[in-house]
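Should a chain be cited, it is by its letter among A, B and C, assigned in written order, with residues numbered from 1 in that chain.
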């Protein structure tokens, strides 16, 4: 029930907005391989990734966060990031079982890298804590840190500002801009918080009932009649 | 051809029994997403209650049936309250393990209490009469079992489709949260589901006692498994599916032991199960619903 | 830069303690001080530890409920016995055959079954466990329902002890590594794990095959201690026994599995004359544990190097793998 065509330039910060149920998360699920599209193709960096398994898509360079934060709740903060580093693990199964020096060296590397990511997001002192014990804002940061640890070229953020107050949202906006610059990423984001979308996105698609009803720069979208109707119509209803 | 029809008739009686048991599995799974491992053993308890009713209390077959069905309804509700309700929000693995525990408890407690010795249903309770119809052999037991099963299934359909209780059951299986918001007592509905499912199993147990004459504490395991496969075959959680699945399994089994070998008769059930799970786990009538991410 | 890899004191002490236990028991056996009853119990303990620890890898760490573990034990037992008795090969080849056969069985069964989720997976593994039993029962070459008798007692204490320790070490090594973390992530959140680039099916199969392999090893040891094997020994109740150990010890704790295995072995021995009571007790225990303390004895905590290290006054890195 989706009729969706879009493109994302390298290094772009793209926003996807629309009323609830418009199909935004579905788009993310299609891109990341959780759902398979009945029709159509998804091309990433020149490669057709339609219908590939999610883990392959991640290995191709797409990472995401979730609307409802899907951290590995009952394990430590550090482990959450270390798991994201597994796909690039510096040692194999045999070295693991035989505990060769290569294994120990590899573990030191993994720990170092994981802690670096935690440091960037001010979470290093919480490394040993269980992930679910973190306050909400830190859990979100951890989720982003974890996603970045998979070394993506495209980062997909699903409502990263959900549940944040205006201050936290502002910090998040800075964080998103900074990540894009420092890690050299393209970012695609779904958000309901208009201040974030308008403040951070370079281009926006608006989705309603599975179709694109508008596309363009933030100022254009802000003044677009169809968009306003789509949102207002929903609110009054 | 005649041979085939004869096998078919045998299969229908067996299938009726499996269908009744399968209904209990499917109803419980539909409402709390649990495979009630102990269901086959509830059937066993029903058979024993029926047996004691007839042999010790001297009641007739109908009184025995009612007594067994009522007792197992109570048993089912008790089991749910004690063992399953506390785990309603736990992982599926935890609930499944608990169900296995309940199942083994029923089996071995009965074994411990009543010894492994088989009991025999008194012939007087249901004297066997065989009829010849056009070269086919049908017994009064076949007719009774089939008729009773059909009556019970019709009653069940009525309850589900025409009563408020049935509506509540359907609501809770579709969306528990919404049902609560609608003012439906989820606990009561689940208890009723267990009660109905267990009573149907009890009826099946008594029927097995009548049909095969002997009962023992471990008699619930294999039929329970086959009925479970029947429920999965029809689509677990789907009531008409359990009925169809039950009859199919009964017919399949009689065909295999009639035409094939009795050695692999029980393994066929496992085979069918594996096949369904690998090819279409949602069963004949089931729909594929993906996980929401 | 590169730290000189030192051997922590706790490691040396662990090795010493284990060596001590081994030597003590060996002496008791050889000198005839330990009678048959205790020897049987010790052997059963070792076999049960291997079974519990290997099942825990599948059920506890990977979160995949497997109810057919006895089937792999059977495959291993029969494979080993065929090699040692019918083909008269040395024990070590029997053991290798057991591991290979059981691991292969794990692969064949695991690949199709592990695509299923939760309840369906459990039932499928239960089904396969029974199918294995029925197949073995119908092969006359290996004795059919009567099984094989007169198996030489190759499972001596050194073998039992050594292989038990070996099993524990391999599985602990696996868990305390990036691969182990990947496996745990499958249990924690399969979808998120996939999206982190982890091929969850692969890891489920890996854990399943390794678990099956060690179950086969346990089967081989069992066969060469108890003289006789028949298909009926490896039925669902045996799988259930192992499940009880794992649940009791705590799904996700190797230490728990070891402790529970020891405890359950002793309990089984004590209740030998009351088999029905034993089953009733197990069943009730299972229900009570799941209702009141589903994390079992140890939850997912371990008594590992950190604990022993703390006892001996070592400083630990503040990282949590538990």
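As a working rule, a residue touches a chain if its C-beta (ideal position, glycine included) is under 8 Å from a C-beta of that chain, and two chains touch if they have at least 3 such contacts.
For clarity, every value in this text was computed on a predicted model and none was experimentally measured.
Asker: If I average the CA coordinates per chain, which chain comes out farthest from chain A?
Answerer: Between chain A and every other chain, the largest centroid distance is to B.
Asker: Based on Cα centres, what is the most central chain?
Answerer: Minimum centroid-to-centroid distance belongs to C.
Asker: Would you kindly tell me how far, in whole Å, the mean C-alpha position of chain B lies from that of chain A?
Answerer: The answer is 48 Å.
Asker: Let me have the rounded angstrom distance from the C-alpha centre of chain B over to the C-alpha centre of chain C, please.
Answerer: The mean C-alpha positions of chain B and chain C differ by 35 Å.
Asker: Using CA atom averages as chain centres, what separation in Å is found between chain A and chain C?
Answerer: Going by mean C-alpha positions, chain A sits 40 Å from chain C.
Asker: In chain B, what residues contact two or more other chains?
Answerer: Residues 293 of chain B each touch two or more of the other chains.
Asker: Would you pick out the residues of chain A that each touch at least 2 other chains?
Answerer: Residue numbers touching two or more other chains: 34, 66.
Asker: Quick one: which residues in chain C touch 2 or more of the other chains?
Answerer: Chain C, residues with two or more chain partners: 191.
Asker: Mind listing the chain C positions that touch chain B in their complex?
Answerer: Spelled out, the residues of chain C in touch with chain B are 59, 63, 65, 67, 112-113, 115-116, 118-120, 122-124, 127-128, 130-131, 134, 138, 191, 240, 243, 247, 251, 276-277, 279-280, 282-287, 290-291, 294.
Asker: Show which residues of chain B lie in contact with chain C when the two form their complex.
Answerer: 33-35, 82-83, 86-87, 90, 92-98, 100-105, 107-109, 111-112, 228, 232, 263-264, 266-267, 270-271, 273-274, 277-278, 281, 291, 293
Asker: Which chain C residues qualify as touching chain A in the complex?
Answerer: Spelled out, the residues of chain C in touch with chain A are 2-3, 5, 170, 173-174, 177-179, 181-182, 184-185, 188-189, 191-200, 206, 300, 318-322.
Asker: Using the touch definition up top, name the residues of chain A that touch chain C in the complex.
Answerer: 32-34, 53-55, 58-59, 63-64, 66, 70-76, 78-79, 82-87, 89, 91, 93, 96-99, 101, 103-108, 110-111, 127-130, 146, 150
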